[in-house]
Each structure stands twice: as C-alpha cells, then as structure tokens.
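Pasting a structure here, questions to come.
Labels run A, B, C and D following the written order; every chain starts at residue 1.
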Amino acid sequence: MEEDVRLLRWENRTEIPLFVLGLVYLAAYAVHVLAHGLPGAAHATLLAVIGAAWAGFLLDYVVRVRLSGRRFGVRYVATHLLDTVVLLLPLLRPLRAVEIYQVVQRRREQPRMSLYGRVIAYAGMAALLLGFSGALAVYQQERGAPHATIRTFGDAVWWVCETLTTVGYGDVTPVTVGGRVIAGFLMAMGLALLGAVTGSFSSWLYQVFAREGEVPPGR
Amino acid sequence: MEEDVRLLRWENRTEIPLFVLGLVYLAAYAVHVLAHGLPGAAHATLLAVIGAAWAGFLLDYVVRVRLSGRRFGVRYVATHLLDTVVLLLPLLRPLRAVEIYQVVQRRREQPRMSLYGRVIAYAGMAALLLGFSGALAVYQQERGAPHATIRTFGDAVWWVCETLTTVGYGDVTPVTVGGRVIAGFLMAMGLALLGAVTGSFSSWLYQVFAREGEVPPGR
Amino acid sequence: MEEDVRLLRWENRTEIPLFVLGLVYLAAYAVHVLAHGLPGAAHATLLAVIGAAWAGFLLDYVVRVRLSGRRFGVRYVATHLLDTVVLLLPLLRPLRAVEIYQVVQRRREQPRMSLYGRVIAYAGMAALLLGFSGALAVYQQERGAPHATIRTFGDAVWWVCETLTTVGYGDVTPVTVGGRVIAGFLMAMGLALLGAVTGSFSSWLYQVFAREGEVPPGR
Amino acid sequence: MEEDVRLLRWENRTEIPLFVLGLVYLAAYAVHVLAHGLPGAAHATLLAVIGAAWAGFLLDYVVRVRLSGRRFGVRYVATHLLDTVVLLLPLLRPLRAVEIYQVVQRRREQPRMSLYGRVIAYAGMAALLLGFSGALAVYQQERGAPHATIRTFGDAVWWVCETLTTVGYGDVTPVTVGGRVIAGFLMAMGLALLGAVTGSFSSWLYQVFAREGEVPPGR
C-alpha cells in the first residue's frame, strides 16, 4: 500500500523530466545520424548524450522495480511489458506526450479527450515517431552498403511511408541484415496501426448506428 | 444563439453555389493539367478561374469564422478541422454532394439513406475524388521528370488504383519529391478507406447477427 | 401482390437452370481462352454458347422486370443493383450455389448454415470465382502484348493471388489498358474480401467475448 | 456417451506426446532443409524421423475417428476440418502449446488468460510458426532454381515478413510453381492474421468504450 503511494509519487515527479530526456535522446540520435559534416568530437558528445539519457531511463526502471516492492524477474517483465519495451526503445518515449496533455487538461479542469480522440492521437503520434526513428535507423544501416537503394534520408522517409501503410512498392528496399530486421519490426507496427485505425472506425460507426436506432436494410 | 441562426442561414444559402464552385475548380484544374496543346492565354484563364474559386472558398471560411462569433486561432482551427482541410484541399469539396442529395430527399419527403448507404456513398465518392485529383497532381509533378515511370495520365490513374487499395506493385512509382509527398497523403487516405470499408461491413454484420438472434458455433 | 407471387414462382423455377447456365458460361469461356490448339470452328461454337448463355441471362432479367410490375429505368437498376451486376458479369453467377445449397438443406429439414458459415462460404467462393475468371480475363488481354510479364495462365493465377490479398509484389503486372481495367476491378474486390474476413472475425470474437461475460484487462 | 469418455481420455493422454512429436517433426524438417553439409546418411535418418512422426499423427487421427464412433467420410472430415488440416500440415501442431499452457494454469489454480491474451498468443505463435515453416518450405523449393531471387534462408525469412504483413515489396519473390503454391497459402494466412489483429483490437476498444459509458462526439 505504502509502496504504491511512493511509486505513484516517483512517477508523478519524473514524468516531465523523463519526457524531456526522451526528446533529447531522439534529437541527439537524429543529429548523430543526419549530420555528416560534424567533427569527430561532436559525434562523441552526441553519443555521450545518448548514453547518458539511456542511463537515466535505466535508473528510472530500476527505481520503479524497487518501489513496486516486487522481485525483478520474468514475471515482472511480463506484467510491465510496455515499460520494458520503452526502456529498450527510448525513441517511443515521446508517446507519453498524450498522457501529459491529458494531465494538463485535468488540472485546467477542461474536459479530457474522447476515447476516439485519444486512440487517434496515440496512433497518429505513434506513426510519426515510429516513422521518423525507423527512417533514421534504416538510413544508418543502409547508407554506404553496396547496391543499397535507400541512399538519402529522403529515400528512407519514403520507404517508411510505403511500409507503415503496407503499400510496399519495392522501388527502395533495405538490403542489409540490420535494415531488414528494423523493417520487419516496422511492418508488424504497420499492421497494428492498421488495426487501430480500422478498429476505431468500426467501433465509432457501431456506436453512431446504435444511437440513431436505425435498422439496417437487411440482407 | 442569434449567431448560430445567422451561421445556419449562411450555410444554407451558400451550399449549392459552393458545391458548383468546387466542381468548377476541379474541372479547371483537370483541363489545366491534361490539355497540353492549349495556347498560353487559355492556361492563364484557367489559373485565374482556379484562383478565383479558391478566393471564394477563403471568403466563405472567413465569413463563417465571423458568424460563429468565436475568435479565429488554433482552437478554432482544431474544432473546425474538416472545414480547414477542405479549404486547403478544395478538390474534396464535391464530397458535399452526399449531403446535398440528402437535403433534396428530405424536401421530397422521401426516406433518407441508411447509415451504411451513406458510409458507402461517402467512401466511394471519396475514393473517386481522391483518386482523380491525386492522379492529376502526381501527373503534374512527374511528367517531364528524368527517369519517371509515370509518363501518361493513364499511368497516373493506374498508380492511384494500386496505392488506394494498398496493393502497391511498384511497376510505376513517383520519383520526384513533390510526387512522393502527394503519394504519402494518398496512402494514408487508402488506409482510412480500408478502415471505412472493413468497419462498415463489420458493424453491418454484427447488427444482422444480433437481429437473427443466432448463437455462433462457439470455439 | 399477385405479381410478387408470379415473380417468386418464376425465380423458383429458373433457379437451377440459370445456375447450370452460369457454369456452362464459365466453362465455355475458360475453354475459349485456354485451349489454343482448337480449330476455328470449335472457337466459333464456344462463342455461340457464350452468346446463347448470355441471351438467356438477359431474357431472365427482362422477364423479372416485367413480373415485378415496375417500370424499367434508373430507379429499377438502382434497387436491383446486384441483379444488374450479375447480368453484366455472368461469371459471378455460380455464387448462387450457396443459396441453392441452403434451399436443399431446408428441404431435407437439416439446420441451415450459421451466419459465419454463410459469410465464409460466400467470401471463399467469391474469391475463387473472381480469381479464376479474373485470371482468364487478364490472360486473354495480356498474352501476345509486347513487354507483357503475364505470359502463361500460371502467371495470371499467381498475379491474381497477389492482387486479391493486396500483397502486390509486382513481379508480374498487367501492361495493357484492358488488363489494367480488369485489375482495378479485382483490387476493389480484394478490399471488400478483406473487409468480409476481418469483419466476420471481429463480430464473431465480440460475440464469444460477450457470451463468456469476461471483463477485459482494461488499459 | 461412453465413446465420448474414451475419446476424451485418449486426447488427455496423447496431448503432451503429440506436442513433443510436433516439435521433433519441425526440428527434423528444419535441420533437413538448412544443413547442407550433412552426409547422406544423416539426411536419410532425418527423413525417417519425419516419416515416423507423421505416421504417429496419422495413427492418432485414425484412433480418434474410431473412438468418436462415427463413420469416416466427407461428413467427418467436414466437421473435424481443423484436425484434418493439422494432420496434413503437422508444422502447425506446436500451436497446441497455448492449450497446454492453459491446462497447466488451471491445474495450478491460476486464472486463465483473458480472451484477448489468448487471441494474441494464438495469432503471434501462428505467425511465428507459419513464418518459420513457410520460409523453410519456400527455401527448399527455390534454392537452386534458375533466376531465383530467394537464394539464402535469410532471403526466405525476409520474404515471409513481406508476405504475412501484405507489404509485398517484390524484391525477392518465388519463381517456381511449388514456391508460388506455398506463397499463395501464406498470403491467405496473412489476410486471416490481419483479420485477427484488427478484429481483436476493434472488439477490445468497443468493450472499453462501453464500460466507460462515454458518448462519442457524434457526427
């Protein structure tokens, strides 16, 4: 009981700093990948920032395991899967923006977003973040690879659009093993986003339908 | 209160003229892109028509902001997102045809379309309008580009079919930055159309199912 | 009232003959397209059979318009859209097999298929019929075209699989205008089939869920 | 009645052995396809193991037909379709792991998985098993084929990712008839997985929505 209170207090206090740290992480990674012309010292600094940010995320994770009063192990990882995924993929951390926005709204005593608004805000931000960080990661793997078709960051962004929507023209595709592993992950996310979009629409439609009390034409 | 009445009166009065203006806009844009052989003066006239139509849409938007009695700003744009999108993309304006058809039906005291009928009418018209204007826009970007695979308007239409259905063979693909930006927009629309189709079907099926009171075979 | 009885009697009587005629039509079309080595007289006979079958479908359509006691026109076509589509695309006629199977089951006083069984039977048969007749039609358009990638009937079947599932590798694609028009139609059908599959699954799942009275883990 | 008891007892007793046999089958097939350098005798042994495992599955099927007290025939195959499919495709047998896990949980008197947990566990394991065995089967067909683009097992895995998510870049595609038949089967499975994912999400969302008693913003 007391542990839950302390855990909650910790989470409330670290919410904003961790969100800012997530943005710093993303920015440092983006500059590291995209800025070719920087001197070696600058890249070393960026890598240090990335490492420090990640150390911060790890620290937060460890503190929360401790405060939860449970033993760390397979069971903990299984029940806190999302936290663990976000620890390993800090690029997704800015997704917390939706939660923070809601907290801010509540403090101002304004109505919170509707369910559909939240789903669409999450799916949209997830698509943007996944797309941006996926394009960065694939570009880092592919540039310089022989016979690569993804040669500029613009190509990488175009490839991400094709992939997340499952269109898949195939005019630009990853050719390295690292690029393909990232691609496989993005494809699975594309499926999930598709599910979020179609599922939201279906539920919304059914609700409208039920409210209007209409009887469909029948077969 | 009074403002709402005046806004409603304005919307009722401008409904038909704006719809016609939307068709004029679309037709002028299509002729401008497709008619190569026209003299320069004709193209100048078409561009003037396009500009005038868009000025009309802007005027309507401004009047409605005024009549709504609210201040224009981020909040207004957020709550009237669809209006703002249609202002920036007047090619979607003929979608209003579905609304107008319904108003006409009501005046004739005929039953209005069912929910599914409306969803399918919207999705179908949206697909046609998006497809046609997307094909025009991509064709305008791609023709003349070196190494372009979209060389005729027929290629552009074929490419739009592949894209909106998320099939994506990749035999013809945009190669210019402008073409790819338009393509990314069309892909996202393709996802939404997919959601509309699958969502409608799912809801309709569930309703039929519930009415027949059938018990599914169970797992 | 009396007209409805006469219409129903007509439909009951012509059900089986029209179904057989649909199979004859499909078989004659398939042999006409696939059998290269036949003498010209055989092809002429096949075309005569196709024409005769289609004349039979037209006759049935006209009789039903008459018996319905309504005037033929845009309104009639709109309310009997499916009948009109089947008149123009007799290759879909064998879909009636599902209805006939149900009538047979009822006569034997056996329980009719469940809703999901019917949806899956329809979607499965529709996919097979659309796939087979689409492959025939595209193969007829593409063979002999310069630079065609669909060169054998096997290629056409492979291309149909890619298209109906919206995978779209693009290793074989239609290059003629006729082939692309047929392809566009098949792509739209692919979307609808996808909707049928995902919609059925969603509804079935919701029903199971509701019956078990489970409360989901919540977000 | 008595037959049902005997059938149930048989199924309880053979559950674990058959599951282990399924894993053995999968492992032997994987080693047979992937290990090029093995001497001929090793491959003969692996084929013997595969044959023996399949004979075990056939024996189980025959015993269950007998114990069910029904005559074997079209009707039996139709009502036990899943069993028959698993007999012909023993690579799917490890899917039973989900059932076994649930039985174990019940014995330990722990709460069973929620419906969504089960659907996601099934869909995830089905995707992994189908992907792995599909990659093996296509690789076996394609390697050595002239003009093949799937040349390594890595290519085959990459191709499976593209196919199950319906992205379909087309940079690697099967060129043999055998490979294309397997591909067609995998595509259909891809559609079904898509349906499982989107359907689950839709149902879950609707339930959350109904519980929160929210009224959507309305159109």
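Basically, a residue touches a chain if its C-beta (ideal position, glycine included) is under 8 Å from a C-beta of that chain, and two chains touch if they have at least 3 such contacts.
What you are looking at is a predicted structure, and each value in this text was computed from that prediction instead of being measured.
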Chain copies touching (subunit A, subunit B) - same or different residues, decided at half shared: different
Inter-copy rotation, subunit C to subunit D, in degrees (Cα atoms; steps of 5): 90
Repeat of interface B-C, chosen from C-D, B-D or A-C - more than half of residue-number contact pairs shared: C-D
Pair of chains joined by more contacts [C-beta pairs], A-C or A-D: A-D
CA centroid of subunit A to CA centroid of subunit D, Å: 30
Averaged-CA centre spacing for the pair subunit C and subunit A, given as whole angstrom: 43
Multi-chain contact residues (two or more partners), subunit C: 162, 166-170, 194, 198-200, 202-204, 206, 208
Residues of subunit D touching subunit B in the complex: 166-170, 198-199, 202
Interfacial residue positions of subunit B with respect to subunit A in the complex: 114-117, 119, 162-163, 166-170, 173, 177, 180, 183-184, 187-188, 190-192, 194-196, 198-200, 202-204, 206-208, 211
Residues of subunit D touching subunit A in the complex: 154, 158, 161-162, 165-171, 193-194, 197-206, 208-209, 212, 214-219
